[in-house]
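Each of the next two complexes has subunit A plus one more chain, namely subunit B in the first and subunit C in the second.
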Partner chain A sequence: METSLRTDPGFWFMTALGLVLLFLGPLFWDLFQIMQITQYVVLSVYVLSLAYIWGFGGILSFGQAAFFGLGAYTFSVAAINMGETTFPFVLAFAIPAIFGAALGYFMFYGKLSDVYMGVVTMVVTLIFWKLINHTAGPEYAIGDARLGGFNGIPSVPVLNVPGDAQAWLDPGQMFQVFMAILTLLYVLLRILIASDFGRISMGIRENETRAALLGYDVRRHKVIMFALGAGIAGMAGGMWATYQTFIDPNVFSLEMSAKALIWTMAGGVGTLAGPIVAVVLLQYLSLKLGEMHILNNNFILGGIMMVLVLLVPKGGLPTLRDGIAALRVRGSVRRSGTPGKVAPDV
Partner chain B sequence: MDYTIIVFLEILRAISWLVILAAGLAIIFGMMKVINFAHGEFLMLGGYITIMSHNAGVPLWISMGVLAPLVVGVFGIIVERLVIRHLYGRIIDSLLATWGLSLLMIGGVTMVFGNTVQGVSTPLGSLSIGAYQVPGYNLLLIGIAVAMMMAIWLVLRFTSAGLIARATMQNPDMAETLGVRTSWVYMATFGLGSAVTGLAGGLLAPLTGVAPSMGVNFVAQSFITVITGGASMIAGTLSAGTLLGTISQGVTFATGPVYGDAALLLAALILLRLLPQGITGRIFRKSL
Partner chain C sequence: MSDLRPILTTEKLVMQFGGVTAVDNVDFSLREGELRCLLGPNGAGKSTFFKCLTGQLTPTSGRVRFDGQDITGWETHAIVGMGVGIKTQVPNLFDGLSAYENVRMSARRKHLRPMAKEKAEEMLEKCGIAHLARREVGLLAHGQRQLVELATVLAGEPRLVLLDEPAAGMAGDERDRLADLVLETSRRAAVVVVEHDMAFIRRIAKFTTVFNRGAIFREAMIDEIMSDRAVQEIYLGKQADVAA
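Coming up: the complex of A and B.
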């Protein structure tokens, strides 16, 4: 493991927190709380897909919901047809990843600019949403699974123990599996980011031309990252489908894409822990505000998004870190009269 | 023979439709290289103003052709002053902010008017060509698309405002040095683009009715047209509109309307793989 990772207290703290919640959480929570927290866990996996490609590769996707939805539908259709959920879960990662690689090929090998990429990824999501909304008739079926148009697919199977299709997981076990996935994903992404591959990604994020001049194949590198992000989002989609035991075309909605962007921005682009915290806080906030029935949910989301862009462009965690660093500097100035050490800008 | 004319008219209508939908967006993109992600909601706003004022007793043509562009134009200027102005040079942030605005507008309109569809009847009756009936409104759309492009061309080519606009487009720093207040040019451009979008929304209202989330149905076509066209306002919109309108209408004739949009996107992706700056990034580069 890289030294930078080994000496990062944040990494160990988050990993430990994940493990503690994984083993002790179900002992203290009631069923409703477990269901609620499982939702945060699934959405955290989803947000990591964007936090990774945007924060550590500079690839801004406005259409993570396309992969999320694709994963959800892949899982549902495959699980209904196969009668078990292990292989469908793998497919929920693989198919969106393949689709992401194909889309990434067109975008990155075409060297599209940021604006064009944003528009293309958003339009892809819109078109998925439109197409799937039009699959209401009985002729739109894949095997035993009817796509159901805007009604969605009911009775998506619950996860089962691999190899035993009848051994369904109860909500507590499902939470533990998902929490394990989230923790593992966090650790693996941190290792990937600290590896040579991750360093190249960050080099590309900082300056694409320089990275290309140093001999790295920027286009291929970006396609790999994008496909990986697509796969993670797809896996989150599969988790979402089995958590809800139901999906409808809203998994492809623009709101879903926007949420990933908002959480990542709120938590801070360039961190993984920040967006996870943002998921929990903002989902809780929108639940509470929604219960009051005064403000429309879209209104809240849009408002948060604009405020974030205009006032907190760096995001929550980095702003907090900078603030603490600034306070420390001021404190040490007052004590010793010389400027203190400024935290490295990572 | 009659059928050929009908098909031809339909394709022409599809092209005009794309041109009308995308024109406001293209004006803003051509000048500022920014895509207004709230484009669909500006359309929606234009539609609501048309229907609301018509229900209040204003003649349909006035509410569609005067009130909708005026109000949406003013709204655009307010948005530019409050939001977009702070984000020049931060393209990604301006996309994110306008997306936030789009959600905010959907939510706001839902809170005020409720999540229902409202409409007015389509004016202008129909015209018969041989054994077929053509809605007169379609011919109006074709006429308006032509007039819109002509007007933009005339303004850009022959007026001093157009000269300033072209100068700012080509080299903002140099224009500023020569005494052009570019921030006002941007404000005016955003207002004008919004007004054109408002007009498009007004024209849309009798066809589809209005609902808070209606924008979603039209942004895909508008965005694809603008980015495929590239940075030139007129040549880009016209060439992309013609190409994509023909493709989508052809596919719609063959398989029904669902796949028309998907075919549009596929065509645009392949085209952008070959011409990453859009059509006018390589062909018709010197055009307006």
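Coming up: the complex of A and C.
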């Protein structure tokens, strides 16, 4: 009865694809392509933070950028002060996760409705953005790291090999590390989603009242998920900082939050692979449109978004999946009796 | 079967919404293993009473005791953890998931994975919906959804089962099966049933409580209740004459 990960071809395909790109990618790409694809990988990790909590826990956060930015600044400040990047990378996950747990505690134990949760997460992002923009003066420094206000922090260290602060990774190696992180994250999230914890999350997404009436502590469960999402977004922020070797307050921008929503929606809420594909396609498109200088980039992307919402409201991957399922059902109806919609034993 | 120890009592339970008193000074007592029917016209406060018992609402005043423990103001999941299961008036289900997954999620709280699977399948079978196990419950008919929710509640093996209009939307056969199921359940747990379906009530009811305007109006054996003029007036009205 229970379909498991073991029998899910999508899971194996994505994992295999991740591994193939990880090992073979750098052999075929030039430096520019590697840099470009690394960006997609970082943003994919970022989008997974929302794809997970929204798609598999029903938590719609307008504030993933708050955690992304927090992770980016945490990493930068810690790396500049410590002179190495391994522990700062851990902090880039831990600090946003702790902050997410605290914020989640007040939101979920305070029983905020979805709308107010959206507002709170958005406002928190704005507060960070405002705050960090006002740290231009030299008095705003943490140890050796000046926050730099709207100018940001220049010369964020490049990732080094753990234990050897002088052994910096070259772009090819950095791509491989990030690709490994993305692949591992995807696998771990899929395992988590298939676990009992994940099933309860989905129960909460479907019906919070029933979840509570079965005896599950909805609040605690949501805080854990939200904190995990915050940690993942923060880790992506840390990756972003070291990838760019520079950050500015735009990591906290509403645009950054909105992008996570757009990618998740375009790829399909309730999937992990869909949003990753959406990141790659939409970022690539955005790059190409930028090169053409014909129309405003955001204008076209906005248009695409509207078309997507109107025509494929479920998002790319679920629509594709339903399409394939419909074709199969049509085939089986011809062969036998009436079909019943079968629920995925997610 | 029924010993005298009460499993559930409420003392002067009051639930107010602004100026409206939905539950008014209710002193209710249920013995362990008892099967109780709760009658009353729409708006009598039966569902609100249930919500106070399960922590979905925090009573304005008064106490709720379950198994000797004061559970007033507890969180829903904690009360349920004590052994209370409720089928709500409008079925609360995980609509996007399969019937099996719904029931399993309930069984899983008490049992390890293999046992939960077994329990879930057993409960689906018992409720006569094994053939619906793989179907998405959001797409099922109302009567089928009722049964899925019932199976979900029973899979949690509660000691107190609250059923809010379980027979609504059910056809003759389904309803009879449900009555048998309720009777069987009451051999292992205390059960409170809210229903309007008189044929169903007649099959299961013994001692019965009638609510009116948030307060307990009568408590007596079902025959007595059915022949009570005042009860007929507030609740059964002309229906009773037709049924009689």
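Heads up, the rule we're going with is that the second predicted complex is superposed on the first by the 315 of 346 C-alpha atoms of A that agree within 3 Å, B and C clash if a C-alpha of one lies under 4 Å from a C-alpha of the other, contacts with A are read in each partner's own complex, and residues count from 1 in each chain.
Everything that follows uses one rule, which is that a residue touches a chain if its C-beta (ideal position, glycine included) is under 8 Å from a C-beta of that chain, and two chains touch if they have at least 3 such contacts.
Since the model is a prediction, treat every value here as computed from it, not as a measurement.
Student: Name the contact category of A:Val280: first (subunit B only), second (subunit C only), both, or neither.
Tutor: A:Val280 contacts neither subunit B nor subunit C.
Student: Spot which of subunit B and subunit C makes contact with more residues of subunit A, would you?
Tutor: B
Student: Return first, second, both or neither, reflecting whether A:Ala165 touches subunit B, subunit C, both chains, or no partner chain.
Tutor: Neither partner.
Student: Quick one: classify A:Val90 as touching subunit B (first), subunit C (second), both or neither.
Tutor: Touch status of A:Val90: no partner.
Student: Of the partners subunit B and subunit C, which touch A:Gly118 in the superposed model: first, second, both, neither?
Tutor: first
Student: Once the structures are superposed on A, label A:Leu214 by its partner contacts, choosing first (subunit B), second (subunit C), both or neither.
Tutor: A:Leu214 sits against subunit C, while subunit B stays out of touch.
Student: Give one of first, second, both or neither to describe whether A:Glu255 is in contact with subunit B, with subunit C, with both, or with none.
Tutor: Only subunit B is touched by A:Glu255; subunit C is not.
Student: Determine where on subunit A the residues touched by subunit B overlap those touched by subunit C, and list them.
Tutor: none
Student: How about subunit C: which of its residues touch subunit A in the complex?
Tutor: Residue list for subunit C touching subunit A: 54, 56, 75-77, 80-81, 85-86, 88, 92-101, 105-106, 108-109, 113, 117, 121, 133-137, 139, 152, 156.
Student: What residues on subunit B touch subunit A, complex-wise?
Tutor: Spelled out, the residues of subunit B in touch with subunit A are 33-35, 37, 83, 86-87, 90-93, 95-97, 99-108, 110-111, 216-217, 219-220, 223-224, 227, 258-259, 261-262, 265, 268-270, 272-274, 276.
Student: Looking at the complex, which residues from subunit A come into contact with subunit B?
Tutor: 60, 62, 103, 106, 109-116, 118-120, 122-124, 126-127, 129-131, 134, 254-255, 258, 261, 265, 295-306, 308-310, 313
Student: If we count contacts the way the header does, which residues on subunit A are in touch with subunit C in the complex?
Tutor: Subunit A residues touching subunit C: 1-2, 196, 199-200, 202-203, 205-207, 209-218, 340-346.
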